[in-house]
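Chain IDs A, B, C, D and E follow the sequence of writing; residue 1 opens each chain.
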Amino acid sequence: MIVDCAHYRDGQRQHEGAMELGRAADMCLEDDGFVWLGLVDPDEAELSDVQARFGLHDLAVEDAQTFHLRPKIERYEEGSIFFAVLRTARYDEEREEIDFGEVSVFLSQRFVITVRQGAASDLHGARLRLESRPELLKEGTVAALWAILDTIVDGYAPVTEGLERDVEEVEATVFSGAAAPTERIYLLRREATDFYRAVHPLLAPLEALQRGAYLELSSELREFVRDVNDHLKLINEEVVALRDLLAIVLQANMAVISNQQTEISVRQNETMKVLTLVATIFLPLSFITGFFGMNFLWLTDHIRSFWVFAMGGLGSLALSCGTLYWWFRRAGHIGPT
Amino acid sequence: MIVDCAHYRDGQRQHEGAMELGRAADMCLEDDGFVWLGLVDPDEAELSDVQARFGLHDLAVEDAQTFHLRPKIERYEEGSIFFAVLRTARYDEEREEIDFGEVSVFLSQRFVITVRQGAASDLHGARLRLESRPELLKEGTVAALWAILDTIVDGYAPVTEGLERDVEEVEATVFSGAAAPTERIYLLRREATDFYRAVHPLLAPLEALQRGAYLELSSELREFVRDVNDHLKLINEEVVALRDLLAIVLQANMAVISNQQTEISVRQNETMKVLTLVATIFLPLSFITGFFGMNFLWLTDHIRSFWVFAMGGLGSLALSCGTLYWWFRRAGHIGPT
Amino acid sequence: MIVDCAHYRDGQRQHEGAMELGRAADMCLEDDGFVWLGLVDPDEAELSDVQARFGLHDLAVEDAQTFHLRPKIERYEEGSIFFAVLRTARYDEEREEIDFGEVSVFLSQRFVITVRQGAASDLHGARLRLESRPELLKEGTVAALWAILDTIVDGYAPVTEGLERDVEEVEATVFSGAAAPTERIYLLRREATDFYRAVHPLLAPLEALQRGAYLELSSELREFVRDVNDHLKLINEEVVALRDLLAIVLQANMAVISNQQTEISVRQNETMKVLTLVATIFLPLSFITGFFGMNFLWLTDHIRSFWVFAMGGLGSLALSCGTLYWWFRRAGHIGPT
Amino acid sequence: MIVDCAHYRDGQRQHEGAMELGRAADMCLEDDGFVWLGLVDPDEAELSDVQARFGLHDLAVEDAQTFHLRPKIERYEEGSIFFAVLRTARYDEEREEIDFGEVSVFLSQRFVITVRQGAASDLHGARLRLESRPELLKEGTVAALWAILDTIVDGYAPVTEGLERDVEEVEATVFSGAAAPTERIYLLRREATDFYRAVHPLLAPLEALQRGAYLELSSELREFVRDVNDHLKLINEEVVALRDLLAIVLQANMAVISNQQTEISVRQNETMKVLTLVATIFLPLSFITGFFGMNFLWLTDHIRSFWVFAMGGLGSLALSCGTLYWWFRRAGHIGPT
Amino acid sequence: MIVDCAHYRDGQRQHEGAMELGRAADMCLEDDGFVWLGLVDPDEAELSDVQARFGLHDLAVEDAQTFHLRPKIERYEEGSIFFAVLRTARYDEEREEIDFGEVSVFLSQRFVITVRQGAASDLHGARLRLESRPELLKEGTVAALWAILDTIVDGYAPVTEGLERDVEEVEATVFSGAAAPTERIYLLRREATDFYRAVHPLLAPLEALQRGAYLELSSELREFVRDVNDHLKLINEEVVALRDLLAIVLQANMAVISNQQTEISVRQNETMKVLTLVATIFLPLSFITGFFGMNFLWLTDHIRSFWVFAMGGLGSLALSCGTLYWWFRRAGHIGPT
């Protein structure tokens, strides 16, 4: 689907509304200035129509239709057409996932064709950004490339912010000890890696673009491209730092879990000690009472007086308690540790 | 075994069916165009016959017979013959293993000789791919090299997809907590490393090929080689990301196991508390009943009236229970925590 | 807010107190020497006033207003103005956090404009440092850049010292086994990473500055810049070493926690053994006494004599104890291990 | 000790048996061709004799006597003598250790002197290899260097195979769960690191040798050197992969150990539950029986009839059991989980 | 403090004993040859005296007074004076710590000034080494630099040996399972990192020195510098390997601790099983005896005959034991596992 198609000359958009495709192709041959044609999820027929009219390379058109490519900027030597694949990104706070989109850009002296796919790939902002700077717009299609790059790279900043916010939440959860958010850490790490793969491969071609390796840039435009490059480097470093941080959080999480185990073990040990104490006191006492509860006649005949009761009954119980007390003290189970 | 042998000229295969070996060698000397000879697991005699007829280098022929080589592209200066070793790969979903094969390519101006070994090394697709693009086929043997590279690198994509699918399964298992798939993670990591070793060393020679360091390429063919190169880079980055992911999954798995231990410890602690509670209540009570069950005559003589029973028997039991209740509350074993 | 604004010529400050902004801008056009204008957290109006008077580039001015940038030094080709972003740092011992500030520097042949934001960005020391070395001051604005860099990089040293001190405290805590300072280790690691990101990207531009890639330097000044560079490299290596150390401390902490668990398990095992011992001794004994306490008439009738008591009562108890002793010895629960 | 010393000319060994040292030195001055002198563990006197006769450099001779050096190839400019240190390796399957040896090579236009130390440094194979290729032997001493390199690098292959075999055994042990082979993993990792240090530093000089940076090579010989280089790169990559694998195995081992702990904890928990169940059932029951076994006359007077026995004795026991059953069900300790 | 000060000419020390400072400075201006002035921990006055007499640069003198610098070699362009900072190291076996020292070297055509600080920085050996090689000494001050480097780098070897010895001890302790030497591993790792930081930054300047980037070297002296460089590279690789090893030991240590926990858990489980067994056997038995010990008259009246005793008393006990036996077998707690 064609979203917008406009003719730019002398630093200005020449008309309101979208131009027709055929007219735009003619413009490129005849007129001065350049045409920017914006497509969204075009079907095969649409794309081969565009390919035929503007003389695009088979392989580039194939790339513009596939998804999940590496970002790249490359020159097709015949016809001096440039082709760029850029990955757009948007952070879905709810699902804690990054939605990726792709923008393919065909660029010659006379036209810019952008093909958008997936999330966050809206380029309307890029067009406005370009139109608001007539002095850059005058430089031709390369300025449009700058506007697209600038818009997309600006769109990366909220992603790193979103990731950073979630990493901070995860940190808070880990160190509060409330739960072990292993899965969340892992998934954030995975998102950060995907984002890294969208950002990192763009560094080298953008550096080359800034150096003027692909296209001639005025010194004015060069500074704007450098500005985009600076942002991209910053984003890249932030993602690298986040990945590192998440690896460390995973380890810290492990330590926190281990610590919880230690605490549980300590509590378990306390419970066990109580049990042991009780059993150790009362089992011997019960044995003694059991002993004197036996029905041996000889026994019952010989435990009739008060003194036998006091010595044999109460005394043996007291002796048992005393022995245990002494033993526990010595072993350190009770008393001052 | 010779699979196919064909003479190509002016962008077209010159005949149906496989040509005879002797005739093919003569072709290379006399005629225009080039010959593509395809061998599969050739025995030594076959290979030395080919070597003699086409003047191949001893060391290259030796390499073509051995297995588990590093992928490489190199020039034998005398005779201007190129020699490439490429590794093919196929993912066996069942065994979760990658089957590797190897393709050795001898390449001169006038001939392409391919020697296939092991899994997924079928080059019929490469021949068809080449024959369907007469404009490339006209460029000679280097186009055949492109077709072979393209076919093999395209064959890598299902491998990364298979690995990615299995990594996702592993993630699901880890975080469901159902089982600890340590061995599976490890083996996937191992497969990913083997695959990395098949893919990574090809990056530099393919980059050089694209730059034209080995052979002159038309700008048209160069773009097709760049396309292969782009795919290889993407595959390489995916494998790198997978290896990283699997290392992180292994750590996350560890955290999940630790967490299970914590849960078990918590449950064990609960069980222990019940046991302690029961023992702590009933052991003293049983002691008291035992005490009054002793057969000391003096004792039985003095516990005859109802009040003695009420105070000494029931009262001491109640006192024991009360003391425990007070103690448990204070220690926090029961009651509101 | 303008903090200071002075005119320097022939290696000397030309006046006391801050010059007015308009006068300073005029100076730059007419007079010899150069002007150093120092701003702190300027509002937008102030900054655009300065921009208009000194002809600064839009993008640079934008950068000077934003925070959390990468440190960089870059040349704006038109107008030969240099622009540097530098990050200042101060260690807050209490919170164990690094407070970052930023200094943006605009530099031409005739003026130096510094814009300060945030913590530890005071440049008064830089001015004094420069004024105390007239022989450098004579070289113009590049000497001011040196003074600023020198002051800021000198300010990094207390940060690494503070971090090192805290790392040493953490080590002491870890190995004393008193507590598991996982969170503290993690947060220090995070601070070290932030600091690394402030320091590391400055290495390359400072190296380039020393080589004379941006501006001509006298050999005298070059040595002073090299001195700054040496300090920065040392700081960088120290931060790298600290990050490595903190990763290792986290692992060591884990080992220490595991060790504590082992110790607790050992103690728990001891408690358990005591319990088992006591139960294993007294439960059989109590059973025996219970047996002879049963009220079967046939039984009580047959246990009337002393010998029956000695054999049946005492003997069976002794046998029980003996059997247990023999069994415990054999199983290794008691006796010499 | 001199093992062999031979004069080679026109691609052929000129005589059987070892030549005398003095005669060999003379040969180098007078005759055409070159001399290959092979020494094994020479004592100091022998070596200084050789040094004097052939004009070797002090530092090189010193190196040839010491052990545990980095592999290297270097040129001594005066006298145009090359000096190489190579490390040989052999895997001792029994001890799972690599035995290292060293070969020092002095190389001029007219002589090759090899000094062998330690294990697996036999160079007889290198001599045979060289003598079997007269066309290379004609190229002079550099062909001898090739033969030595080829022999030594070929000797690396069994080492990686041995290590790989042991790593596979270790994997099998880890995942069978039979034992925790931490020490074995560690020691294999250590061996792999030592081997890496023997192999890796040779990569750069061998690459340089192939490029012809040290010595002129015919294109024929260059291909043979490239072949050695290919083998060395393959070995190097295998060692790198093994080291990585062993690090991962160590982590997997850890996970397996943790898993065993979890299983033991589960079993322990089961045991504990049984104990708790038994105690919780029988302690109250025993208390009840104890209660009615007390000798309070008032009590015994009031529990004379069958109904009192049925209600007070049997009923209370049944009530206790019922209560427990109800409680256990509710708490989930028994019944369907 | 001046330790030694000598004038060297024609490859020879010109006098015994230390020359006076003033005389040495005059020598540098008038005479042929060069002066080597050795200072130890000089106070500020002494150093500024030397600075004035020999025309040293402020920044270099400042560096010579501070400690904990990065090793470096640099040229001060004006006056063509070189300045090097080198770190000395000595291993204190007792404390398992490395003592670092520093040697600063000022080097012109006519003088060498060495300033020593801290441990192991004795340069007397360097002087002797130089004096014993007149052919090198003739080359002037650069030979003195070689002698200093050689002495210092030779001093590194015992440090790596000491570290290696301690790492081996640690390995032995870890795998004996006697103790968990986490702290020791950590501290050795820390020492290895410090040492790495002393060694590693010297690699690049020494390589440059060998290439002749700083000073002209005769080919003879170049070989001696290469020899130092070889030693430094070997030391560097050993330290890298040690650091890697210590990281792995820390992980292995962790696995060993976990394994100990598993063993303790297994033993604990055994203890628990015994306890459970005993309780499960005797608690029901005691209940039965308690039952028949109750004083219900109806009960005692009905258990008078032998058969009632045999059936009710002995039979029920036997039944209880039998039931348990059957149950334990089925559950696998006893009997063949």
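What we mean here is this: a residue touches a chain if its C-beta (ideal position, glycine included) is under 8 Å from a C-beta of that chain, and two chains touch if they have at least 3 such contacts.
Being a predicted model, the structure only gives us computed values, none of them experimental.
K.L.:
Chains in contact with chain C and with chain D: which ones?
P.N.:
E
K.L.:
Check every other chain and keep only those touching both chain B and chain D; list them.
P.N.:
none
K.L.:
So chain C and chain E are the same sequence; what rotation in degrees superposes their CA atoms, nearest 5?
P.N.:
The superposition gives an angle of 70 degrees.
K.L.:
Please tell me whether the contact surfaces of chain A and chain C are same or different in residue numbering, using the over-half criterion.
P.N.:
different
K.L.:
Based only on mean CA positions, could you tell me how far chain A sits from chain B in angstrom?
P.N.:
The separation of the two C-alpha centroids amounts to 23 Å.
K.L.:
Would you mind pulling out the distance in Å between where the CA atoms of chain B average out and where those of chain C do?
P.N.:
The separation of the two C-alpha centroids amounts to 37 Å.
K.L.:
Of all residues in chain A, which are in touch with two or more distinct other chains?
P.N.:
Residues 251, 254, 258, 261, 265, 268, 272, 275, 279, 283, 286, 290, 293-295, 299 of chain A each touch two or more of the other chains.
K.L.:
Does the chain-touch network form a line, ring, star, complete graph or other?
P.N.:
Its topology is that of a ring.
K.L.:
Since the chains close into one ring, what order do they take if you set off from chain D toward chain E?
P.N.:
Here the ring order, chain D leading and chain E following, is D, E, C, A, B.
K.L.:
For a test of understanding, state which residues of chain A touch chain C in their complex under the given definition.
P.N.:
171, 175, 219-220, 222-224, 226-227, 230, 233-234, 237, 241, 244-245, 248-249, 251-252, 254-256, 258-259, 261-262, 265-266, 268-269, 272-273, 275-276, 279-280, 283-284, 286-287, 290-291, 293-299, 331, 333
K.L.:
Chain D touches which residues of chain B in the complex?
P.N.:
Listed in rising order, the residues of chain B that touch chain D are 57, 59, 63, 69-70, 72, 74, 76-78, 180, 182-183, 185-186, 189-190, 193-194, 197, 201, 247, 250-251, 253-254, 257-258, 260-261, 264-265, 267-268, 271-272, 274-275, 278-279, 281-283, 285-286, 289-290, 292-295, 299-300, 303-306, 308-309, 312-313, 317.
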